[in-house]
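Each structure below appears as structure tokens.
Here come two complexes built around subunit A, the first alongside subunit B, the second alongside subunit C.
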Partner chain A sequence: MRRSRRSTRIATAGLLLGIAILFAFPLYYLVVTSLKTKAELFAAVPSLVPQALNLAPYSSVLFGRGFTGLLVNSVIVGLSATVLAVLVAFAICYPITRLPASRRLRGFVLNWAMSLRFLPPIAVVIPYFAIIRTIGLYNELPALILVYTIFNLPLAIWMLRGFLDEIPLELEQAALVDGASRWQAFRSVLLPLSRTAILAVVIIVFAFDWAEFLFAFILTATPQAQTFPVGVQGLVTQFEIIWNDMAAGGVIAIIIPLTLMLIARRHVMTGLTFGVIREK
Partner chain B sequence: MNVAPSRSMTVGARVAMRTGWSRRTRQERLVYKLLLPVFGTVFVLATIPFVMAVIEALTAGSRGFVGFDNFATALSNPLLFESIKQTALYAAIALPVEILGGLGVALLVHRVVRSAALRAAIYVLAMIPIVIPQIAVGVVFRLVYQPDYGILNVLLGRTGADQLLWLSSPPLAMIATASVDIWQWTPFVYLVLFAGLQTVPSESVEAAQVDGASSWMQFRHIELPYLRPLLLLVLFFRLADVVRVFDHVYVLTGGGPGTTTQYLSLYIYRIGFQFSDLSQASALAVVVMAAMTIFYTIISRFLPADRG
Partner chain C sequence: MRLGKWTPLLAGVALIASACSNTGAPGGGATTLTIAAVQGVEDAGLKALAPMYKTAKGVTLNIVELPYDNLYSKLVSTFQANDSTYDLAMMDDPWMPKFGTDGSLSDLGALGISRDSDIADVVWDVGTWPPPRGPVPPSEKAKPKQLLGVTIVGNVEMFMYRKDITPTAPASYDDVLANAKAQKAAGLTGYIIRGKATNPVVADFLPILWSQGGDVFDENWNVVLDNAASKAAINFLVNDLKATAQSDPGSTDAADRDKIMANGQGYQSSVWPGEINTAVLDPAVTKVKDKVAFIPIPKGTSGKGVGMMGNWMLGIPKASKNQQAAADFIKWMLQADTQKTYAQNNGIPSRTSVLKDGSLAAANPYFPVLAEALQAPPNWRPRTDQWNAVETIIGTELNKALTGGETGDEAATAAAAAIRTLMKSKGYPTQ
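Then we have the complex of A and B:
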């Protein structure tokens, strides 16, 4: 009995390890490919282990192909849209969590935000494409900032609202009783207490902005306004793929959201499930 | 990890009860004063596209108002139904594997892995595919499935088996694109369900084990009731996401071969931006937005999120 249990445990551990390797391997191979030299690319049988630490594909992508500009665009769009989305989300969440908003109003705002999450980007981008061309923002960064801000609001609102609900109302009320104004109570009590929460939302929203592809693909046309994922797409769909460059582009595209999400790892699932999963 | 408890009272109601505010109406006015300007602006900005899509769908460039002509054109195109069918097939391949696979691994880890450090390591590992940009996922799997350079064919070649055209033969291309979905989203299902399993009270499980319940009975009668709302959440989110599928398919197959992987989003993209028929694409956009809004209205009652 005990023996068979032990062997089941070993078998399950083996199974889990197998699954982990199966999932990790494609990423491992991406990194290996991104380090290959031109000569290695033409090897009859691609090698599975890095032969050398060859960083040429990275410099080729960033400087040779001028992707640094796209990187800058991604950062500008990501930072602006994130700051805007978090500010707007805070302005929406404050009255519905800290003030006596009616249950119906609160429900309406939250429901509306989540219903946005269910709209496919392709359906949304078609009318935005027309609007943005009409107002002359086609192939301009502000167009992306606007669209990203709106469509990451659901995430920002639901995350912030979850965090704010966890901060006891009594703390602000104590300040109000002591004669502070609502603004002072907000500034000196709520804001310091929600600093970590705001940071988590900023990190996760930025990671989503960074990864966005379809809006940027349709609303921009030249490297002047294209974002990094649009550039990476070009590396894959061109007629003759340069494998090491493509892989290096992929690694760069991955490394930034991955690092951010690892920093905010305790909150990632909260964000992705709209607060259903809560980290203690 | 914890699943948010549903609350029976709004913060507002609790505030009012606790303090017996006499200025309650003034407080409520403040809610609207603060909320309206910002929420109103965003609401309008998010609703404009819907209105614009309707207008665009009812007109045709120089011909002006054309009534429902664009809808008729859009809905009579057999390729639309082809793409809906392919999207459904994609979902039928990907979602069961994701949900059953995620559930299976969650149960395994929950029962077998006791070490907190190991559990934390699995948590971080499982998060990795989820946070990778879709475009980069496409890049990753190009390296797996490419006929001449992809690792899968290289490995097949070593075993002496025939090399396959993963991305350019009809049934394989669909399986390849769905497998990418499975790779990326099974870990998500795992994380949600594993979090759910942590909320099952250990007393119930112990009581069942004392009574000699089998592993299956323990799952069926004790754990499953706790997981049911989360399974629904995962199912709804994944269903909505299948309609959005675009990025990784665009870089892997571009919708081909033929129309095998031309899923709904790719089809609309093709109508709007490759055939430049924005009127027809707008009609499609209106139909899809309306359908998804109805879908959301129906499922929102079953979502476990605390929505009040």
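Then we have the complex of A and C:
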């Protein structure tokens, strides 16, 4: 019996190790490729370890190719769209979770949000292009901020709603009984209690904004408004794929969301699982 | 203290405000020209010229680089939206029919650009719409001929082989096959096929097709890809050459071909000028630096060796607000001294005297061959705005045949039938 349990444990550990390698290997290979020279990339048999610590691809991406500007654009668009999405999501979730809204209204709002999320971006990219051109925002950062906000709003609404549902109404009611206004109750009771929720939503929405490519490609024309993913995909040329620069771009692109994820992983996990079991 | 609580919100608002305020174009008028360019070796010379033009004329060149496929779709959407973002656009020559038919580009003749005898006629012809020779799309026959694009990358498909192994150049595709078999037996890849679906395999195949007497269309837009000569050419590629090729020709693109050649594992292949200095002769990666020779496309059963043009041109979008300034840049770029500087900075010129300049030959041993190929002249891809769709059909079927999904004859028949249907639906008198 004990031997059987031990074998199961070893098998489970082996399986988990295999899965971990499966997931980690592409990341490892990305980092290794980013450190290789062009000569190493041309080797007939690719190596798993770079011959030397070659940081030239990072310098090439950030300075030689001028991708620093694209990184700044990505940060501005990502943060702006995230802030907007969270603000609007809060404005929508507050009444449907804290005020006596009808079940029908709640259902309508949540289903509407869900339907937006199911809309494939490719289906709306042409109308969006026409609209953005018409309102004069083509090749401007606000165009991306607007579109990213719209696309990630459903995610923010559903996540926030799950959190807010978990915070007992009685806490705010107690504040109201003590003479606080609804605004004070919101600011002093609900907002502090929602901190984890907001952090989780911000990180996840930001990660989606950060990685978006389709709209960034269609709605921009020059580096003035292009984001980092648009620059990185440009490294596939007709006669040459600049693997090391591309991998360096990939590593740089990963660093920011990965760092945020590591810092706040507990909150993000909570955010992803909140409200999963209980349905009000 | 109270402000501290609002700091995150204020920071967010400030961030959005800063993004919204960042709406002005970088410069304007004739002080900045924005150029949509293809990312890669093709625009290397253009990038090198930018600071020189700023010094010489005080005009900043804002070069926006996009990968090959994305550049085409970006130009199509920009032109259709009549957007003025780009003052100049780099275009592969098969795109000219689309942009010419759509009326997206300005007449360069009206802006003061005229032919120069030091640049091969075909270079001017390829930028002229409707085309001055060959079949003209029915919808374009009544239009006056205008110069819509000027070549800035003289690009003709050539042939490369290992001169250290066989000092005599292959004169014909019979020689190519015989050498390929011998080198395959000796352990090399006898002929490297660039067989990736759509554009790559078609670019590799068309010189073979034309040299072997086949074609895609005849002079009246009838599809002849399934006639005997065309079928023979397809079978030559997917049977004879494939037997001597690398293990996975169906997934090989130019970068893979160059890697095989640069590593000394391949014996011969077709080659674009743009591939030569990035890999095959790049001292940082190549093992065959002085072992490769470049020649025009060998002769086929037609008795001719027919190269294919892939010239990159500069055109001026009609929506550009800096028409004359853009034309002035093109004129400056075509000057002999600029072209020489351009060539010294990895540009591929089209001016004959520059291509034949002895001082450039050491770094660019293929320049004299390119000059010869441009004078030949090479063929251009059929001048129809449907070419992208036609190329996709041929490239898909050829790839299927290369990967064993169908025979060469089946590929020819299927591609010809699909092209006939397409062209008829677009109003061509295709049979």
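We adopt the following convention: the second predicted complex is superposed on the first by the 238 of 280 C-alpha atoms of A that agree within 3 Å, B and C clash if a C-alpha of one lies under 4 Å from a C-alpha of the other, contacts with A are read in each partner's own complex, and residues count from 1 in each chain.
Following the convention adopted for this analysis, a contact is a pair of C-beta atoms (placed from the backbone, for glycine too) under 8 Å apart; a residue touches a chain by one contact, two chains touch by 3 or more.
The model shown is predicted, which means the values in this text are computed figures rather than measured ones.
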### Task
In the overlay, answer first, second, both or neither for which of subunit B and subunit C A:94 touches.
first
### Message
Applying the document's definition of touching, compare subunit B and subunit C: which contacts more of subunit A?
### Response
B
### Query
First (subunit B), second (subunit C), both or neither: which does A:237 touch?
both
### Query
Where does A:140 make contact in the superposed view: on subunit B (first), on subunit C (second), on both, or on neither?
second
### Task
Answer with first, second, both or neither: which of subunit B and subunit C does A:249 touch in the superposed model?
first
### Query
If you stack the two complexes on chain A, which partner ends up touching A:190: first (subunit B), second (subunit C), both, or neither?
neither
### Message
With both complexes superposed on chain A, which partner does A:218 reach: first (subunit B), second (subunit C), both or neither?
### Response
both
### Query
What part of subunit A is shared between its subunit B contacts and its subunit C contacts?
129, 218, 233, 235-237, 241
### Message
Looking at the complex, which residues from subunit A come into contact with subunit B?
### Response
9, 12-13, 15-16, 19-20, 23-24, 26-27, 29-30, 33, 45-46, 48, 88, 91-92, 94-103, 105-107, 109-112, 114-124, 126-131, 146, 150, 153, 158, 162, 165, 169, 173, 182, 207, 210-211, 213-214, 218, 229, 232-233, 235-237, 241, 243, 246-247, 249-250, 253-254, 257-258, 261-262, 265, 268-269, 272-280
### Query
Taking the complex as given, what residues does subunit A use to touch subunit C?
37-39, 41-44, 76-77, 79-80, 83-84, 87, 129, 133, 138-142, 145, 217-218, 221-224, 233-241
### Task
Mind listing the subunit B positions that touch subunit A in their complex?
1-4, 10-16, 19, 21, 24, 27-28, 30-32, 34-35, 38-39, 42-43, 45-46, 48-50, 52-53, 56, 105, 108-109, 112-113, 122-125, 127-136, 138-144, 146, 149, 151, 154, 157-158, 183, 187-188, 191-192, 195, 230, 233, 237, 240, 243-244, 246-247, 250-251, 254, 264-265, 268-269, 272-273, 278, 281-282, 284-286, 288-289, 292-293, 295-297, 300, 303-308
## Note on the structure
Counting only contacts in the complex, subunit C reaches subunit A at residues 9, 12-13, 15-16, 18-20, 22-23, 25-26, 34, 36, 38-42, 62, 64-68, 70, 74, 77-78, 81, 83, 85-86, 254-255, 258-259, 262-263, 265, 272, 274-275, 278-279, 282, 284-286
